[in-house]
Every structure is written in C-alpha cells, then in structure tokens.
Amino acid sequence: MNFASDNTAGVAPEIMIALAKANEGFALGYGNDTWTRRAEQRIADVFNRDVASFLVTTGTACNSLAIAHFAPPWGAVLCHENAHIVTDECGAPEFFGNGIKLVGLPGDDGKIGAAVLKAALDKPQWGAPHHFAPSVLSLSQASEAGTIYRPAEIRELADIAHAHGLIVHMDGARLGNALARLNAPADEATWKAGVDVLSFGATKGGAMAAEAIVFFDKERAAGFDRRRKRGSHLLSKHRFVAAQMEAYLTDDLWLRLARHANTMADRLSDRLAAAGLPPVWPVEANEVFALMSRGVCDRLKAKGAAFYERLPDNLPKGAAVKPDSVLVRLVTSFATTTAEVDEFVAAAGD
Amino acid sequence: MNFASDNTAGVAPEIMIALAKANEGFALGYGNDTWTRRAEQRIADVFNRDVASFLVTTGTACNSLAIAHFAPPWGAVLCHENAHIVTDECGAPEFFGNGIKLVGLPGDDGKIGAAVLKAALDKPQWGAPHHFAPSVLSLSQASEAGTIYRPAEIRELADIAHAHGLIVHMDGARLGNALARLNAPADEATWKAGVDVLSFGATKGGAMAAEAIVFFDKERAAGFDRRRKRGSHLLSKHRFVAAQMEAYLTDDLWLRLARHANTMADRLSDRLAAAGLPPVWPVEANEVFALMSRGVCDRLKAKGAAFYERLPDNLPKGAAVKPDSVLVRLVTSFATTTAEVDEFVAAAGD
Amino acid sequence: MNFASDNTAGVAPEIMIALAKANEGFALGYGNDTWTRRAEQRIADVFNRDVASFLVTTGTACNSLAIAHFAPPWGAVLCHENAHIVTDECGAPEFFGNGIKLVGLPGDDGKIGAAVLKAALDKPQWGAPHHFAPSVLSLSQASEAGTIYRPAEIRELADIAHAHGLIVHMDGARLGNALARLNAPADEATWKAGVDVLSFGATKGGAMAAEAIVFFDKERAAGFDRRRKRGSHLLSKHRFVAAQMEAYLTDDLWLRLARHANTMADRLSDRLAAAGLPPVWPVEANEVFALMSRGVCDRLKAKGAAFYERLPDNLPKGAAVKPDSVLVRLVTSFATTTAEVDEFVAAAGD
Amino acid sequence: MNFASDNTAGVAPEIMIALAKANEGFALGYGNDTWTRRAEQRIADVFNRDVASFLVTTGTACNSLAIAHFAPPWGAVLCHENAHIVTDECGAPEFFGNGIKLVGLPGDDGKIGAAVLKAALDKPQWGAPHHFAPSVLSLSQASEAGTIYRPAEIRELADIAHAHGLIVHMDGARLGNALARLNAPADEATWKAGVDVLSFGATKGGAMAAEAIVFFDKERAAGFDRRRKRGSHLLSKHRFVAAQMEAYLTDDLWLRLARHANTMADRLSDRLAAAGLPPVWPVEANEVFALMSRGVCDRLKAKGAAFYERLPDNLPKGAAVKPDSVLVRLVTSFATTTAEVDEFVAAAGD
C-alpha cells in the first residue's frame, strides 16, 4: 500500500523493454543518436507541432532550465504558492536563474485564478529599477492539490500573462494525468491554450528518469543546448533517456498509464468518501487529499500504508477540520493495484 | 568499429540485470531506499573508508558540484590545460562555482608535473583583493591523454597543493581504467595519496548513467545534499542510479570491465605500432592516440570506423608530425571486441 | 518642503570640508591610505570593539555583500516583509547570494516579533535536501515604518536566531537615527545585543556616498576583501569614501545630524497630530507616516511638497482608513528646517 | 614623485567645485535629478550620438556590468591576455556574467592584432553544446602597455568580431588619454569604428569616483537599469556622481587633463631615454614602462618615488633584459608636475 508518491513506483514494463532494446551496439553520445531523433519526433507528434525538445533526468532540471531561459536575473516568476518550484526544489530555479524571484500566489484548489493573477500583475510593485520584473507565469498541470486547469482556464491566464509581457511555463510533471482526465489532445491543453514552454514529465508517469523541456516556438530554444550542458544535464549515453521517452509516447502508453493511475485515484476517493472520508479537493488527476483523525492515520501506517502528511495550511473554506484532523496526501500511479486501494480503504474503515 | 568514446558503448549486462531487479515493488524516492544504502556501502568498501557519497547521472555534475563545494566564488581551480573540466563542459564548473576561474597548466603526457604546479602556486599573481585565490587542484585520472598518475605522483602534487591551502579533487571518470592498470587498491591511489574529493565515474565504465561524488572526509560534505538538489541532480527514482552503482562495484565488475577495455587498448596500440603507427602517448588506460596520414584516416572512416580527430596542439616534443598528419583518438570500452580491434588495424594497414 | 527621502538632502558641510581636505597630494588607491586606516579606527571606536570594516558607496551593496557572506546559496534570509532588502533592491541580495531566498515575516510597526520569528523557524518547512536552510536574520534599524528595536528586543530575537544557527545582520541605513533616539551606546544596540554583522549607513545621515560593512567578529571577515572587489565595490580613490566616514564619526557629528532629523520628525508628527493627522506608527526615528485625504495630499503637492505615497497594505489594526485615505511617508533629514516643517503643516491644514 | 597609478592623484579642482555646487538644496535620489540629465546630455554630446548612459563609481563595475549585459552565461569574452578585466578584477566579470569565460589573447604592445583575433575565432573549439560561445571582444583603450588602438585598427577588429556575431566592448578607463593623443573626435574612435558599448572612465582622469557605461545603440540598454541596481551600483545621492561627470566633460576639461598627463608621460619617457632608459613600449598615453637595474629601482624608491614593478613576462622581442633588470610601470596623471618628472629622472640617473 504505497501512496507516498508516484515516484515510489518502478518503471513500466514497456519502458524497461525499450531500455533493453536500446542496449544494442554502439551509439554516439550526447544525443547524436537515432533514439534521440525518434524521441524528439514522438514529442513533436504528440504536440502536433514542430517543437524543440531537450531531454533531462529530473523534473527540477526541467523547471529550472526552462524558467532560467526566459526570466532575466531580475525576473519574477509567478506561480501558485504551493507550486513545487517554490516549495520543494531547494531554490533550484533561483540558482539556475541567477537570483530570480519566485512569487507565490494564493488560489483555491491549488490553482491560480484569473483575478488573482491580474491583480498581482497590476500592482504598482514592479517598477524599474528597484523592483523585479514579472517575466514568467508557471502553471502546474496537474496542480499540487491534484486538480487540473481546463484549456479555457489556461487560455485566460495565458492571455493575461502575455498581455503583461510574460512567458507561460507549464510544469507538466503530471501532464499525462491531466490530459487523460481532460480527454483533450495535448496541443489543445498546451500551446493552443497559450503555453510557451513545457516541463514534460515521464518519470512520475512510468519512466525511470526522463523529462523533456519542450519549446513550442523553436526559435526561442536558441542557446538552450549550452544551457543544458552547462547545467550538467546532458547525458553522455543519451540514447537511454531517449529510449524511455520514445517508449513512453508510443501507442499512447503514457495516456494508458495515466488513465490507470487516475482510475485508481477515483476508486480510492470514492471508497474513502463512502467510508466518511471525502476528498478535500476535487480528484482530477492521481492525487487524493483527505482529512482523517490521528487515530485512523496512525492505524493505516501501522498496517503498512505509506503516505505523507501535509500541513493543513491551505484548506478550502468550509472543510471539516476537527482538532485531531490530519491532512494526508495519497498518490496513485501506473503501478497501483485495486487490491492495494481496497486494502487501504478497509484499513481506514476498521 | 566504434572507438569514438567509451560512452558510445551500451550498458554492461550485469548492470542491466540489476536495473531489472531493482524494478520490483515500491521504494521511497530521492535516495531514501535500500539500494542507495547498499551502493553507499559498496563505495565505502571499495575505498576502505567511511566516506560520504552522492550519486548523480553525469560526470559533469560530479565535477561541477564537487569543485563548487570547495572553491569560493573567487577561487581558482588548477588543472591540466587539456582537462575535461576546462575544455568540454561549457563552463559548468564556472556556473556551479558562481564564477570561479579554471587555470589550465601545461604538462607532458596530459599530466601536471610537480614543478609546474609549484611554480604556478608560487607566482605573485594571487594576492587579495585583486586576484583569484587558488583553491582546488583537479587531477584527471586517467588523463585526457590516456595516461595515469602513479600514487607517488598524486602524493607529491597533493602535498604541494595542501601546503598552499588547496583541496585536491580527482576527476575519476575513468578511475577504473587507471586502477586496473595500476593494480593498486582504490584507497592507495586516492585518499591515501592525498585526494580529498573524487568524481567517481561508472558511466564510461559500463553503467547507463551513474556517477558519485565521494568525500573522503565526511564532515566536508555538510550542505552537499542541498547543493545537489539545487543543482537539480537528485533523482526521484533514485534506486535506479543506486542499483547501477551497486552492480558496478559488486564482485569487482568495474575492474573486470576496465581491465578488458585496457587490454583492448593495449592490443590496438601494439598492433598499430607494428603497422607503423606508434602511440603518441603511453597507453596506460583505454585510450590510444596516433598520428596518421589524412589518407589512412579517411580510409578508416570510409570502412566504418568511428573515432574523433583532435587538434595536434599539444604533442610530445619529437613527435613525428608530417604535413598531412592527423591526430586521432581511439577509445576502447568494456564492449570493444578483439575482432573490432583487428579489423581496425587491418583497415589502417591496407 | 522635501520629505521624499533623507537621500534627497545633500551632504553635511563638515563632510564636504573633509572631502576637500582629503584632496591634497597623492595617496595609494584601493584603501591603502591613511584616511582609510583612520576611518576604520573611528568605526572601531564607535562600536567599542576591534572590528573588521569595509567601505562601499551604497547601502544595497552593504546589505547584499554582508548577507552573501553568511548565507550559503541555499540559505534563507528572514526579514520583515517590508524590509528594504526584500522590497526595494531589485534582487541584489539574491544576486550576490547566488540565489538565496528572502523570507518576509509579518509584524506590527514594521518590526519582527519574537513569537513570529520563533514560529517561522520552528516550522517543518526547512528540511534538507528539498528546502532552504534558514541562515540569516536581518533586522532593519530603524525599520521601514520609522520604528526602532530596543536592545532587549534585539537580544531576544538574536538569541532565537543564534539558537537556530542563524547569523544576525542589521540593516543600519538609519542606525544613527535609532541610536540618537535610544540614547544608547552603539555597542549596546549592536554586538552586545547579538548583532553579528552590520550595514552601517552614513549616506542617509549626511554623507555623499559612504557605507560600511562591519564584522563584529573579525575572523568572520575572511575572504570579504575579495568579495567586495569582485562585487566591483572597492573604490580606487578610496580615501574619499574614507574621509566621509571619518568626518561623519568625528565629534559625534553623525549623532548630532541624526538628532536634528529626529527632532524635525517629532515636530512634524506633533503638529500634524494637532491638525488631526496623527502618525500611523510611533515616530521613533526620522520618518512620519500619516493617512490623509486625497484632497489634502494633492493640495500639499500642489504647494510644492515632495513626498511619496505608500500602499496602505500593512496598517495597524484600528487605523482610521477612510475611502479616500492616502498613506504618505514623510522623511526628515539633517537638512530639514523647522520652517519647512511648519510650512508643510500649515499647507496640510489649510 | 608618485607614479604608482593615475588613481593616486586626487580630484581636479573643477570637479571639486562642481561637487560643492551640487550640494545645494534637495534633489530626488537614484538619478531622478537634473545633474544626471545634464551629465547624460554631455555624454551624448561628446559622442555625437543619442546614447544611453549609466553612471557608477568604479571601473570594474563598468566593465562587469557592460560585459554581463552582452555575454550569455556560456559566453566567452576575448581580450588581451594582460587586460585589466582578466588580471586585476578578481573575477568580477565572471561573477556578474554568471560564470562567463575570459579568454586572454597574446599580442604585441598590449594590443590584440587582427590575425590573432581571427585565428582565435576560427578555431574549432567553440562548438555547442560542449564549448563556450565567443560573445564579446573587449579592447582596452589605452592598453595596459600604455599603447593605443588607432580608429582603423579598432575598425578592423570590430569588423572581424561583428562578422563572428560578437559585440565590441571598449574598456575606456583611460579613453581620455587615448583620444587626447589621437587628436580624434570621440565618435570616430568609438562607435564609428565599431564599438558597441563603452566603459567610459572619469576617475583616473581626474574625477573622484565616476564612470559611465555607454550604449551606442540605446535599444540594447533594455533592462540595464535593473542590472545596475541589482549589482548595487545605483547611487542614492546620484547627483554627486553626475556632477562629477558633467564637470569632467565641460569645456573639454577631460581632454585638457588627459593632455597634461600625456605630456608628462612624454617628458618622463624622453628624459629617461636620454638617460639610457628607453621605454619598453611606445608611450602613447600616460604610462611609461622601463627596464632598469635593481640598483636604480631601489635607489628611486629610497628617494621617495612611488611606482610598481611588473612581471617581465610579456616583453617585446629584442628588449634588452639584463639579469638584474626590473620592469617598472610609471603612470602620470593630471596632477603630475614637471618638477616631479625631472626629480625622478634626476634620481634615476644619479
């Protein structure tokens, strides 16, 4: 019963097979190989556009490199106050961005609202030379609350951002989960909705360590090859990260894996709700947040369930928080089984 | 016939098997797993010391993070003028070091001599506040010329460095090849000879993407966990990089793989010499450098041999350079076969 | 009627005379001169301690260099949410600190309270490797609200900070004003109260461009000479910045100038209060904040008064904010005259 | 007899008077004052072009900020191997440039030759992603050897640089001396010859602390106001640095001061030559380099002459270096007197 994170799962079998297949013969290093070309083509196909893409092995690298490419050192990056880039990356964006500023915005359900974004940008606090210049809007899809932005929401936010001269970045560590839920083509929820650059994650979705920075406007990628190298994120045996991405995007594997994870989250959420533990936020991807008593929480752990508690500092208004309430985050993955879900719910309800 | 680099080889079968085995069940991310503990223990065992070690996926990350940990932003890093850190990493050390200075020293056979190091450190050019402070000596083992430092040489250089307040870093991207040749225990050629921090490479040796920064004095690793994270080099599914390192160090796999590569280099070197193409530098690891005519070079390529030409700007005195001479670098790996070697030599001699 | 800032005043006559006197003969550059030695001695005398001090020409340089010297790149700097370093320096601390994080804390009257600081440090948000490490507490004396910390308050905050391993920095751009009001020796309100490093401002107090970074523990200044040079803040004709500081600290000039500014602020505050415009925060240094109607504000400007409006986003509870209220900041200086004050108040009351 | 540097001189009387005059009344800070507008206009007039200019207090700030504005972090800056930016600024350009690389080129007489520049740029060492990208050519005018580039030389170098996509920066810490010697208008020796951005020094020429970054293409200055602020180089009482620059450029003061310094250098050079101590390099600005015996050198110092010895590592071919030869640098300034020069020569010849 491991719901600690989707990165606690291993690697999808199709991707392990692809790695084994890639291990034949010699191939030039640093991306000068056919696997890389094919992976790039797959990414272009998925997004229905002639993009520039660059593979790395961590999501933090994706986010930091992408943001640094668009924010000048005096740039401010607007994101949700619970966004991974601002809470969990130990300042990697600030390091790669040479001292940029991340500005966390409040927002219900883990999402930034248009009014909040507009108000933040219209504040008189941004003037030169004494203040940061707002430069990037970063949206997490799915969000840290397990919710997702609809294409129309992205469009509205992107329009505001673009009108103020900002670039729109999407942290898509869980983009597969979001798209599987939206049942929308990848292009409609990204560049057609105004996203300029994407951190496209495969690791949480089932790869071993594979992520891509995707520039929807190829021209804007100028210099990025050196930025990646200099960040020490260009792998020498590059074919192996490419092979992961290729397999992930072949025959819709990524969406099938994501759909499974989402289905497990739905099942978990539904059954917990039936057991009196309704989700705190809408379950729209592969994360379920629930308030439970300390007793239930401890019992679950005693029975071997793995999950993290979260600070209950951003709950929806009206959430039923009792004195001993604990907020827990439960993440499903491609590897989660119905048996695990049911065992967890049973243990919670004992 | 691929002699372009040892990173054009794939992954050793033992390591692929280890990856497959690691793909069972769930494991906490970011290094909080048993594979990581075991890999760390293997590293400690290999070096016969209670070290602090950190895994990453590129050699450039190893070097950059290690050096940045010891050089203040106004620190100078002394290395051979052909060292990988100064010629091929696009300024990654300067980036991670917040603007440090790499100072390339000349030296025969790709190695720094004690007299050169001493002279460089004794120059009056280092005074505060107008000048950089020499902070790190970085030695490449094996060197970029395919030669190796003997423990006594390291000791002499390290003593000079330490006497001037510098830290000694070893770029051990090919440490296995060096140790296999030296037939010396890992400790004698590293910390017992004065090395303070090591970039310990497994990728070139046969892994997919696994390198370790090894601090021989654990106390000095304080803060490094955040430095790695912030450099975006902490993998989420960390068990997979750990599994590679564990397998690499199990049952002397790494030394067996290195020995094979070295043997192939010897064979290649011997036969080329017999064919009138003697090595430019002593073949002490898995690299052979040879001068050949443009005609021979082109014929080899036409027959499918892959290798790189190098600028002949640092040849030993007395090297027989003819007007149409080309300097080529030939790298063998764990995957090189005798058939390939013999085919190459035959093609060269046609 | 210029109340826009204390930096709109010119230079105190005593300091102009010192500059003229310093302009005799030749002197070695970069601080190797007798003016610099004397200025350093004055600083040591004022603080009653054998300190290490470094002169620069801007307060932002003082703050940024001092903080960068103590915070690792993954360090968090705790300060009041309205502190100058976080609101008005365009990310200079983040730049000099290679991507550090400034964390603004709330607090009444522009000051950080002990409970708020303790709660911030006790939060579970700081763990390695995913999160910043709290490293520096920065206190503004006087604060951005024109209030001051008493020595006992500094002591309490410093004890909490030190217990958590933080260094205590004081932004003393207006330290003279604070000390003049406290009527306390400089040592009691700085290092004896727990301050480790001070940005000691003379510019706002009456100099042309002279500030000092003061390390109360000399050992901790190691490397700072290179840090300053590399920040491009080591003046070549250094005697002229030293001459300013020397004059500023001779015969208590700095305290006399500060006392005058404070007295003018008191007069302004008292008379405005009598006219129905009481100060929003206690007037403890040389700044008066008042709420006035848009009509009064505009009339004052029309009559030639210079001052800035501030966002009323941090007012004390219970402040009488009417729909058309404007928050204005009025800063007095050594050059402010009673005539100006009275003219302003008369214009406000018309 | 102070020939240590032109920064050992004080401030020209006209500039001291300007400072005193500027000290009247109040003025808004941070450059929002009429002195700054006038200084900017003077600079535009001098260069006969509608430029964007920014004042700072050190030459190192000028160079570092200007270069950082044009070199990406993976950019290489080509300069003479003895250029101040590479030998004496403790890595300030590397710090402001986030880890850029300074590449020193050899060259006779302290100058870069066209062939050397072309060869350096045509080397195959610059490819992405493993190598730095040449981005800026920095020319020192006058050079560190006291020589100057003619407009035609600048034009030739700039054409090569531009053809390779580089920006041309001029370190004009001693531009006045060069222009006084060239007897050419400022525009012809700068932007009309291909210079894109200039570090325009006034401090060495007679100011207290005033330098300007001058962008000949105003569009290219976008963002520079924040870059300066963030580098902590925006003075609050900005009128005082502006007043210096204004006075410096009024009625050709700067050229008159430079002409005097040059004349003193000529006199010194001529008389030393007559005394058997000919200059090592052509005396074209305000610096004289001479080889003398240790005995003469020590005698001069004993008689109170101040000057620096330099490493004789870059002497012209054929320079008569005797075993006990010492290379000394003698710098004249606006404040040097003929009496001092004659006294020095007399002491040398005793």
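Here the chain labels run A, B, C and D in written order, and each chain numbers its own residues starting at 1.
Here is the rule we use: a contact is a pair of C-beta atoms (placed from the backbone, for glycine too) under 8 Å apart; a residue touches a chain by one contact, two chains touch by 3 or more.
Being a predicted model, the structure only gives us computed values, none of them experimental.
Peer 1: Is the C-beta contact count larger for B-C or for B-D?
Peer 2: It is B-D, judged by the count of C-beta pairs in contact.
Peer 1: So which chain is the furthest away from chain A, centre to centre on CA atoms?
Peer 2: D
Peer 1: Approximately how many whole Å separate the CA-defined centres of chain B and chain C?
Peer 2: 51
Peer 1: Using CA atom averages as chain centres, what separation in Å is found between chain C and chain D?
Peer 2: Inter-chain centre distance comes to 35 Å.
Peer 1: Taking the mean of the CA coordinates per chain, how far is chain B from chain D in Å?
Peer 2: 42
Peer 1: Where in chain C do residues touch at least two different other chains?
Peer 2: In chain C, 73-74, 89-91, 95-96, 98-99, 128-130, 226, 229-230, 234 touch at least two other chains.
Peer 1: Going by the touch rule set out above, what shape does the chain contact graph take here: line, ring, star, complete or other?
Peer 2: Contact pattern: complete, every chain touching every other.
Peer 1: With touch defined as at the start, can you tell me which chain A residues reach chain B in the complex?
Peer 2: Per the touch definition, chain A meets chain B at residues 2, 4-5, 7-11, 16, 19-20, 22-29, 56-61, 64-65, 89-92, 95-96, 203-204, 208-209, 226, 229-237, 240-241, 306, 335.
Peer 1: Using the touch definition from the top, list the residues of chain B that touch chain C in their complex.
Peer 2: Per the stated touch rule, the residues are 30, 72-74, 98-99, 128-130, 133, 223, 225-230, 234.
Peer 1: Going by the contact rule set out above, which residues of chain B touch chain D in the complex?
Peer 2: 73-74, 87-91, 94-101, 124-125, 128-132, 311
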